[in-house]
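Have a look at this one before I ask anything.
Which chain is which? They are A, B, C and D, in the order written, and residues in each are numbered from 1.
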């Protein structure tokens, strides 16, 4: 899988002159979207099936600030936690320096109810399994 | 009608230490939502009828910067431009100082097609008329 | 201490019709700013002393979605973790329902270097201690 | 000059399933930043000289909605309005379709006061002139 690159925008920086910490949560989503696209199973395809993938939890450990024009290079890994949940791990770097480590936990829902990925979207389930 | 107050958030300020200019467009939306609520015809009620109100155009003239913790006091006025369009005007002040003058033009759509407000939502049409 | 209230904005909701998960990180910042203001030691006062307070880590556990116009009521608690770090805990509710549980870890820096809160801003240190 | 491309992010879409209108103002900033970079005179270089470039006004005419994953292709043109002001024009397209037409007016300031671009940053002034 290719890493995902996000160039920090002017409007993403705050009064301290650094990327506002909330934006890393958005970078993680961008990287996740890209990862699933590379897997051949993008968000749009999932949503077209009537399935949504809400975020159960997120975590960010900020190691070093980034700023305007930095290219944040995001390495994504995925793991299946249970029938209902899967987890993304993110290592974000600028050059060689690790700037943020993130994690997000997800489930899948249909009509507001959790669904087992292995049954409802078996193809995606297999694709995720193959990446572990 | 009461004016709408938005207190500038830390994350709304940029590297120059001032409110990022894109955020005023969001303040305008907040003020518009509040205005329609005061009219008794909020966004949620409009959307519950299956009608959406896309923005046709917006304009902002920035008079003076604002920053973290400033209370932006927004005065809203509405006018009917045609059967299909209506316009909001916004004067934003911090204390006595005018900081931004905005304008937004809107239409109404149902299933992606424009609808005449006077026919589709006559009650809202009358409420808007009464404010001019 | 009073809880902090954030009314969910239209632009904070996503394609699923719910508050985008990244925004809770911003609500946490708003609540933290308000909490420090209530303590008598706001962000602006801290920054006026040349001290910044970067975020070391954040965590959100999403319990239930929220949407446009929901009033998210945020209860904040603070604890001192070490000479250099302190932690905020957030319980966010809509009515009686808990919608999100958050946590953020912070340090203080001056000219880019960590400073001991008890020495550099003893008054704030005491105010935080008194809340535990 | 090359056009600037912005791929619409999931978090940039709203409850109507379309790109929230406020985000185009951010796309315009991204395109402007890229344009000045291509001119050889980026924001970071301007700011490193102690000069800031606040936005005087912005305007957006929304022609057609865009959504998640659309590639918005932004063509930028620049014109000098006066000694103190210059203007950017933006045509945003998805494929052949024009989705938004934007305009932004800017000045330059140093220590909070307007400066004549031709005197304070003559190299940038000439570069802009050469593009008209």
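Definition applied: a residue touches a chain if its C-beta (ideal position, glycine included) is under 8 Å from a C-beta of that chain, and two chains touch if they have at least 3 such contacts.
Note that the coordinates shown come from a computational prediction; the quantities given were computed from them, not determined experimentally.
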From the C-alpha centres, identify the chain that is farthest from chain C.
D
Comparison of A-C and B-C by number of C-beta pairs in contact, larger one:
A-C
Which integer distance in Å separates the CA centroid of chain A from that of chain B?
33
For the pair chain A and chain C, the C-alpha centroid-to-centroid distance in angstrom is 23
So the centre of each chain is just the mean of its C-alpha atoms; given that, what is the distance between chain B and chain C in Å?
29
In chain A, what residues contact two or more other chains?
10-11, 15, 22, 26, 29, 68
Would you mind writing out the residues of chain B in touch with chain A in their complex?
10-11, 13-15, 17, 20, 22, 68
Provide the residue numbers of chain D that touch chain A in the complex, in ascending order.
9-11, 26, 29-30, 33, 42-44, 68-69
Under the touch definition given earlier, write down the residues of chain A that touch chain C in their complex.
15-16, 18, 21-23, 25-26, 29, 47, 52, 54-62, 65
